[in-house]
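See the structures that follow.
In the two complexes that follow, subunit A is the common piece, with subunit B as its partner first and subunit C second.
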Partner chain A sequence: MRDEPLSLLEKNFALEALQAGIRVDGRKIDEARLVNFEFGSQYGTVTVRLGKTKVFSSAIAEVVEPTIDRPAEGFVTFSVDLSPMASENLMLEYLYSGRTSSTLEEAAEIVRFLQQIIRENQAIDTETLCIVAGVQVWAIRVDIHVLDHCGNVLDACCMAAVASLLHMRKPVVTVVGKDVFIHGIDEREPVPLTVHHLPISVSFGIFLDGDLIAIDPSIQEESVMEGTLSIAVNAHKEICAFRKAGGASIETSLIFKNASYAYLRATEVTVQLEKALKDTYSRNAVASVKPLQVETTKKSFPLNEQVQGVTTVWKQVAKQSALEDKEKTVDQPNITSVTNAEMEIFIDDSEESYTKSDELSASTDSDEETAPAVIARPRGGKGRPKSKK
Partner chain B sequence: MPREELISPDGLRTDGRRPLEIRKVTCRMGILPRADGSCHLEMGNTIVLATVYGPRELSSRQSSCGIIRCEYSMASFASTDRRRGKRSDRNSVEMASSIKKTFENVLLTDLFPKSRVDIFIQVLQADGSERSAAINAVTIAMVNAGIPMKDLIVSCSAGYMENTTVMDLNHVEMITRGPQLTLAIYASTERMATAHLESKASFEIFENLIAIAKKGCLQMFDVMHSSIERYSLNLIASRDHIATFGSRA
Partner chain C sequence: MIVESNDVFVFPGDKLFKLENGDNIRIGQGVVKRGDGLVALKPGYLHKDGNKIWIETAQKRYIPTVGDLVIGIIVDRSSDFYQVDVGGFSTALLPILAFEGATKRNRPHLSAGSAVYARVVSADRDSEPQLSCLLPGTQHSWVTGETIFGELSQGNLIHCSISLCRNILLGRNSVFTELGKYIPFEQATGMNGRIWVRSQSAGHIVLLSNLIICSENMTNDQLSAMIKSLVSKISTQTSTTTSV
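Let's look at the complex of A and B:
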């Protein structure tokens, strides 16, 4: 166990309160904290608050090559960033273990749990993420940043991941012969992902050598608890994942009681999530869904409508990465190799010499007036973007 | 390609077992003389090697009770794809931390303050239920190292396929991605230590899986217990031999 910066007195207080059937923050044993979803202006971004715990998540789509054994399936990948700014305890953990954020045990556990509840349970239909079988598929990347660690980060991360997958849209793709056209966000309305079910994770803290189990532990309770129990349930009353990783032992008969608590909580959260999503859409319908307007200031630049679409996507990606860089302290590779500076070059660039990125290998045929936004060809060679003459 | 049949009309599984039958378990203790405790466990074709070092001095950090470290890795030749075997991948980190937490609570760590116990697990051949095999192997290695424990932890997996609940899954049954549960319980109190469910299951199936996995754990315990007993009797016998040898000289 790691050394907590919490005093013995505070720990005992939390424990005695639990024994008395009331918790430090005034909740009952079976009462979870309030959850709040706040969707961002970009597709796929969401901030989830679970009590004081705060988690930000963003989902983006990129075009990649599929694996050989599953040529017609896309990917959904997750990364969880538990930066030291989220809590003092994490700071200590970094100091003692000398690990980086991605290999931190807690982060690895959360990612594994997310993979299990979303990927392995087929919550997202990965077959609909296929563009050209064996050549190009969508890879959805969900990046989760824990901003404030006030207990039960796992649940908050799961809710954030599910919410941003629900909110995210992927660009429309048309395939003509061997060419793949990816339409810009303001050219064609992007489409949501196919979500089969919504797994909601509900965690319990185990106290007093397994005799007391309380839902949704806060950070103070986490420092006195002897283990956790996480159950992911969906609205169809299916258990998507059940995890008790060590800790104090419990009677197996208690589990079924907790599973039904988890189900109640999951339905509650699902309703709230759907309501929040609906609210966002109705608000956006008034204030225009289009997240970004393209400034076509330079008249000399032959920007046709389709190309505008591309720049919107790219600008968004660049803005996204800038936003993410601000959010976290550690460096992560950029989403695409396009940075803000490169963006400018891209816009300022004249005539037919456009950049060709790794992810969206894009080029435009200037002689073809009716060419749609992006022409993505199967990747021929590896390496950095090349300009095409 | 026709779908592979997991349970034959006679009710037998792909490797000829009945649904509620565990694989042949063989274990050898104390095979590595350098380590304080070691165990080579075979559950059918799954082979796991667990070694335990300690309790030994903890250099960096002072603590009032002993701490446990765990490392899990899969040999690159353990399965058909060679990509596996990295120690630092998320699966292994997650597995190691789960095993660490399981044993943190069962070892009497307050008996050895300011010291640590290191657990190393290497999967030599992966044929399903690696998680249970690892937990069982560590338990035996702990016994071999003579580290005081509250109870023995035993583990077994259970899965649901073709309307049947089966115990101790092999690789073929695992890759079907049906509901599968790995359960670890305390052998004498039968309380749940660790549980890990993969793929979604309805409440009824889940309840069933727990019951079957628990039965499997108890079967596993019988085998483990008898092999520990045999090993200990051998040790005692050899000590007698040495004692008589010494007196004669």
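Let's look at the complex of A and C:
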């Protein structure tokens, strides 16, 4: 949609309508626009529509070196691209300020809010993103592209980021001795991320010196609003982040009132997101995780029995490493316990992964005891561990 | 291929007519004279009305054409001209004295963001299009607010497709006649994909705006049925809210 410069008429009318208790698009003051999640054929890709606002997000996993201070934690990073295609007002801003997408204040603010609601709230378990502590961890990168800027891009971006992380899978990794094997999608079904909770951002527009607050402002309303109030809430009724921008002052009681509105909206969106995810899995067989027929006991048994669907090459390597490490019997349980933990994540039903988050984090905690043994023999900078297709 | 009937779909490069000596034909959008014949420039439906010939496409970008009535938004002003956004390839120029009865001392002062209803008086390929709010033959001055062209105040501006505006102006879309049966309102339709509406209350304007946008993909029968059902609902709602 080509967005044209707004006239004073439209701006004034947006206010006039709000004062009359109605929105320009026919909504009520406390009525948000419809949300639609459309998952792509690739893991981690999603298109979110919030009314006419349209946002595309994709999440990918990369193997990187961890930081020195947190050797057993992976990364989740975000980037927001507000392209000049999204709206003409943005295009004018690019032209006159000479900025690029990454230096645009609005984009930077969205990235900051995303970090706040997802990273700082531990919505994604970064410890399960560890492959070999101190050597290799997963870095999840979420790229968000705003395709149509028709108001409330922040909420749309947050929903897209959460949906993408929920839909995303990381390849299965097996650690044998000193070697790390990354299994391809055709070889082993990739595993979903450990999502502890789903923070949903709900924004409100502040109008008329804080006398009027309307949920989910459209672009016409955004042009006359004096500030925004964004509250990120999850289904457990926890406020994950709070942001008030624009400088307009509002009464404290209104914040509490709006927080409860935000909770209602967040549960509504969460239900829709879950439904959309379920629909994708039932429609698209490729995107579903087939549970492996193995026991989930903690007992360690020989590698070749435990891992199914592994190619002969893998087996040969496993045998070799087993021979090499025969004398070092101390290491053997460590290796199997690492794979055990992976198996658990793998077997876990993807659709309920975030509801079972507590169990998952508990299991990873118990593995931490054995983790130092792996740290004890890092490969260092030289000789990157082999990765298999 | 020689196309000569009404309402046929043509592709760019199709030969439309062979011109003969003494032919007096006005060519419109999407038609160009090549040699001794007319050739289509765009894909779309060929229309012929009297000696006028043009091609209708689902084009999004407005191309200023002399005689079009447009709604422009003032972007900037200089000492002699207003720069007006009409949705075209460049801004259009509106002379500051091109209003009915305007003099150097007594003329409308428009600020950036104001909307004006004007007509295109010149649209050359190599220069900025020129607008005018003058209508020869009228007696009204801009001061009285009774002129057809000029600044649009109050109400709402709707951005829609150019084909919707054309269908409304050609009378194919009956949204305004249907709405007029129930709600009193004022409207101005610009050929550049903008419609201005003003009515008695904000609720009515919201209803009008959304119905006009909805009407694009509906038949006239569907439209009249929908308007009938919606108006009855809204009128009861607005009467209760105004009484409160």
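To be clear about the criterion, the second predicted complex is superposed on the first by the 280 of 389 C-alpha atoms of A that agree within 3 Å, B and C clash if a C-alpha of one lies under 4 Å from a C-alpha of the other, contacts with A are read in each partner's own complex, and residues count from 1 in each chain.
FYI, a contact is a pair of C-beta atoms (placed from the backbone, for glycine too) under 8 Å apart; a residue touches a chain by one contact, two chains touch by 3 or more.
All figures in this text were calculated on a predicted structure; none of them were measured in a lab.
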| item | value |
| --- | --- |
| Superposition on subunit A - do subunit B and subunit C clash or fit | fit |
| Subunit B versus subunit C as contact partner of A:E120, first or second or both or neither | first |
| Which of subunit B and subunit C A:K244 touches, first, second, both or neither | first |
| Chain touching more of subunit A, residue-wise (subunit B, subunit C) | B |
| First (subunit B), second (subunit C), both or neither touched by A:T194 | neither |
| Which superposed partner A:L8 touches (first subunit B, second subunit C, both, neither) | second |
| First (subunit B), second (subunit C), both or neither touched by A:D25 | second |
| Partner chain(s) touched by A:T67 [first = subunit B, second = subunit C, both, neither] | neither |
| Subunit B versus subunit C as contact partner of A:V111, first or second or both or neither | first |
| Contacts of A:S41 with subunit B and subunit C, given as first, second, both or neither | neither |
| Smallest separation in angstrom, by C-alpha atoms, between subunit B and subunit C in the superposition | 10 |
| Shared contact residues on subunit A - subunit B and subunit C | none |
| Subunit C contact footprint on subunit A (complex, rising order) | 2, 4-13, 16-17, 19-26 |
| Complex interface listing, subunit A residues touching subunit B | 1, 3, 96, 103, 105, 108-109, 111-112, 116, 120-121, 199, 210, 226-227, 234, 237-252, 255-256, 259-260, 263 |
| Parts of subunit C lying in touch with subunit A, wherever the complex brings them together | 60-61, 73, 75, 85, 87, 111, 113-115, 152-157, 159, 194, 196, 201-203, 205-207, 209-210, 241 |
| Complex interface listing, subunit B residues touching subunit A | 60-61, 63, 67, 88, 90-91, 93-94, 97-105, 177, 181, 185-186, 189-203, 206-207, 210, 214 |
